[in-house]
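These notes are about the structure you will find just below.
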Amino acid sequence: MNVLDEGVGPLFTDPDPEAAREFFRGKSRAMVDKRMSVKEAVERFIPDGCYFATGGFGANRIPNAICHEVVRQRRTGLGFSGHTTTHDFQVLCAGKCFDKLDAAYIVGLEARGLSPNARRYMQSGDVQVADWSNYALAARLRAASEGVSYGLTRSMLGTDTFKRSAAKVVECPFTGKKYAAVPALWPDVAAIHVHHADMFGDSVIRGISIADYELARAAKHLIITTERIVDQSVIRDDPTATSIPFYLVDAVVEVPYGSYPGNMPYLYFSDEEHLAEWMRVEKDPDEFERFLDHYIYGVATFEEYIERCGGAERLEKLRKIENLIAD
Amino acid sequence: MNVLDEGVGPLFTDPDPEAAREFFRGKSRAMVDKRMSVKEAVERFIPDGCYFATGGFGANRIPNAICHEVVRQRRTGLGFSGHTTTHDFQVLCAGKCFDKLDAAYIVGLEARGLSPNARRYMQSGDVQVADWSNYALAARLRAASEGVSYGLTRSMLGTDTFKRSAAKVVECPFTGKKYAAVPALWPDVAAIHVHHADMFGDSVIRGISIADYELARAAKHLIITTERIVDQSVIRDDPTATSIPFYLVDAVVEVPYGSYPGNMPYLYFSDEEHLAEWMRVEKDPDEFERFLDHYIYGVATFEEYIERCGGAERLEKLRKIENLIAD
Amino acid sequence: MAPHYNMMELMISVAARHLEDGKTVAVGTGAPCAAAMLAQKTNSPNLVVVFEAGGVAPLLPEMPISVGDSRTFYRAVMAAGMVDAMTTCARGQVDYAFLGGAQIDKYGNINSTCIGDYRKPKVRFPGSGGANDFASLCWRTMIMTVHSKTRFVETCDFITSPGFLTGDGAREAAGLPEGGPYKIITDLGVMGFDEETKAMRIDALHPGVDVEKVQSETGFELIVPDEIGRTEPPTAEDLRILRDEVDPLKLVIGRA
Amino acid sequence: MAPHYNMMELMISVAARHLEDGKTVAVGTGAPCAAAMLAQKTNSPNLVVVFEAGGVAPLLPEMPISVGDSRTFYRAVMAAGMVDAMTTCARGQVDYAFLGGAQIDKYGNINSTCIGDYRKPKVRFPGSGGANDFASLCWRTMIMTVHSKTRFVETCDFITSPGFLTGDGAREAAGLPEGGPYKIITDLGVMGFDEETKAMRIDALHPGVDVEKVQSETGFELIVPDEIGRTEPPTAEDLRILRDEVDPLKLVIGRA
């Protein structure tokens, strides 16, 4: 294989399709009850040092209950990736949970500005980083989902983003065109938040899917958090709507408002006031420590966190904002 | 690029992504009324000699009104491909419409047996053929849909299917693994039958999508035939259900029962009696000619064909079979 | 006293027992589908049936006519697409697949494309469809076929779908993942493959069939192990399920 | 008598006029989104807005906060995914995309990744997100930014997203498709790129701005054509739509 150029970024995961096949060979396809708590899912499937990936997009449909629990259980040495990671990234930076990072969009919260604490962490030199574009990262997951060791894109060519990635430039055997070959990414574990799922893991996402179709198929272990668990008959009534089948799933966790303070399409909008509070308190490391003690370390569950953020009343307000209902 | 091995099959279409990009650059994205008749759609978008592809799977959700019209308008010299083409293939063979073929599954009608006329045509030596597997063909469409000139699969390696394809063996720059590189396939025109669409082309498919997601994005021109045209508000009420957006579409044709005598999920089952009649009459070329005169050449529209097959009464029976309603 | 059964019922029952619980199987129409349905109702309640066109784990109300018809995703847990189905195989998440063909050689390579010259064939068959993909990507491919010299040939006119190609190591050399043919269930018995040479061997014979009979219906020399099993005929319960629940219209089992 | 307007209103109006009817535009949050919405309500009713996370042609009820929030597919014609959005760009079906960044050089290359040493950066920014993809794959990338010497630099600390790289022919040599930066709309005017050298030039200046002013705020030498246009200020109708319909909460236009 002629490699015309290659990035110098680290490659944190093994792109060998045989290793992935062997793993998946041993994973049961049995349709069994996979319900468990957030705590158990993190204990069982997200050990220190594993490579973790989040679904959703920044502060939209993120598996935030899992992110909080990862921090609460003080996980360290994780690898991490996600698509336009904003609040999820901010939470994991708060716990310094990862030290290996496939970055596509980090540190920022889009229109909300940049996270002071995430910047401090990323400027500390403590995190080993490879940079990618959003699509290159999606193409890595897609390649893994296809059972092949690399994917092709014309993104990144000619830039420092390419140079700081682990991609390589190859030529098309038909046209001679150059492509960035991106290595398949099989995360050890991913967490994806969905609208509803049955106890076996069959899951339905409403609205945009971001790269979660690909991520669900690439991840070796998959934790589904869901707004509600439904009887399987609901799934079988409309199989066209299913995007994640049960055999991909290891854990099904019912977490109403599991994307809070992020947006969950059709159900609740992001809590911009609370997100602004995160940004504000992050400016002062001491204040931020107290904030984390109050909201993450000092609570036993994600439900308690939501309670401390205003609970039912707050959620009702976010439901109205989401649905464009004037107060 | 090191090419380790290559098939000797013909490549009927240009895999150059720049040529495809240039075409798509010039295609309007305007949301305009694209409704027209079957006759007009075929006249405008399926000229002699173009490369045509059908959606669906054999006798399931096939754009059969378009196939009949292609025969009725006596198109010749087409290139053709489809996934597990069965009755659609049989219809186009009846008109000897194509002489270049990317074959994945042809000639047969699955559990129904083999088409005598399609076999005669394929054994005549008049058709130039490249063989592929179903997935290899899907991977070709997927590559085109991604705007790249080739895709990767581990199918076909080591077989005569590979040898008679136009694929090449390449090595992964990360792992050294071998893959069949398959050239992107941008059909000149595709026809896909859907459950409902708006007048602009936004389309909804219920049930399995086969490779139509990929085909819709790969095709340069796209004809949608639809069981019914709905107001765009129906589409906007549930954008998660849309799999084909308007900007891919050139023609929207309302054809109730457009997959007949094929199956249309949730609406009508295949007409096994009529399909058996096709198989029977094909045995005798003279009888088959009279059959075609009666059902295709001798009618002006697909609606007339359905009328001659039993019309509303027959369709009601197929609706009951589809929905498992005992007579 | 053993119940009466026909050859198709025997083959389906034998095939069903090879499908382990908690595994996935990609099936076509006809006998393989019946075998998977029987397995689900007997030894493997958690067997997951998938179809190449996108149906996953349907509650099959009757035998499909096409691997893409409505039945293949009737009350399924997911109605996906072909890319999803095939990439599930490629990732190593489909354990079994059933194949058929016009010819099979001693390494389990299959021809379903043509007889005679490729460019102007004497007989043109459908070609690969999804067969090559399944044979390339699934862990264990299963074949159900009648046993005859015209079918079990020294050399296929065309290798549509890979078995072990030219023998041990050949799949790996070609770039194919681990996998390959597992069992061939015929009207004479069950054929397997030698672990070392990957050549076809006799695993077990149906009641009343001997080695000479099998060899005489095979166009190449079969490996004959010291110990050859006997296939277990279908139980009364197997037959009841098969006849009453799996194929009440006798679309498959009526043919034998 | 020309109506009163602020700089953000001017920039948005100028950007809107560059978006042709019947084309697609990939937008982010803020000013680019406002420009696309204004264009739809004025010169380009058939402009199609797409978002990188999957939203296609929504009826935006208000400004999105995130390019993946609910607003980006509110009553959209399709709520797809990122692969669909990005491959639509790759196929050549997205005409315009808006980018931002911390630094831009004379070939329109953009830095949104870091200042200083990459491994331990002085300042770490978000990185590419979808920006590199848009800059690589769309036909015409648009940039809206304030014009200053710290932003318009001789050399970017890091090239996150490609402009014309090192000049004419460099995109092609790197393997990028035809495309690249089209217009940069700043608080001083509109910059374009020379057809031959692909270096940045002054296309037009805002009312009251002269060449010296622009050059003094730019860290490299701009090409100054013989003819330099004057940007047209927003019309009263532009302003009414912008203030009453596009951004009634003044989230974007209130900032200027």
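For reference, chains read A, B, C and D in written order, and residue numbers begin at 1 within each chain.
Throughout what follows, a contact is a pair of C-beta atoms (placed from the backbone, for glycine too) under 8 Å apart; a residue touches a chain by one contact, two chains touch by 3 or more.
Computed from a predicted structure; not experimentally measured.
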item	value
Touching both chain A and chain C (chains)	B
Higher-contact pair (C-beta pairs counted), B-C versus B-D	B-C
Centre-of-Cα separation between chain C and chain B, whole angstrom	28
Inter-chain centre distance, chain A versus chain B - centres from mean C-alpha coordinates, in Å	37
Euclidean distance of C-alpha centroids - chain B vs chain D, Å	40
Cα-centroid distance, chain C relative to chain D, in whole angstrom	57
Contacts with 2+ other chains: residues of chain B	17-18, 146-148, 153-154, 177, 179, 206-207, 239-240
For chain D, residues that touch 2 or more chains besides their own	55, 73, 79-80, 83, 90, 137, 177
Pairwise touch network: line, ring, star, complete, or other	other
In contact (per the touch rule at the top): chain pairs	A-B, A-C, A-D, B-C, B-D
Residues on chain C engaged by chain A in the complex (per definition of touch)	21-24, 46, 48, 55-57, 59, 73, 75-80, 87-93, 95, 137, 139, 177-178
Interface residues, chain A side, partner chain D - complex	56-60, 83-84, 86, 103-108, 110-112, 114, 119, 122-125, 129, 131-136, 138-139, 142, 153-161, 164, 169, 177-180, 206-214, 263, 265-266, 269-270, 272, 322, 324
Chain B-facing residues of chain A, complex	1-3, 6, 11, 15-18, 146-154, 168, 170-177, 179, 181, 183, 205-207, 239-241
For the chain D and chain A complex, residues of the former touching the latter	28-30, 51-55, 61, 64-70, 72-73, 79-83, 86, 90, 109, 113, 118-133, 136-137, 158-162, 165, 170-171, 174-177
In the complex with chain C, residue positions of chain A that touch it	17-18, 20-25, 27-32, 144-148, 198, 200, 202, 217, 232, 235-237, 239-240, 242-243, 245-247
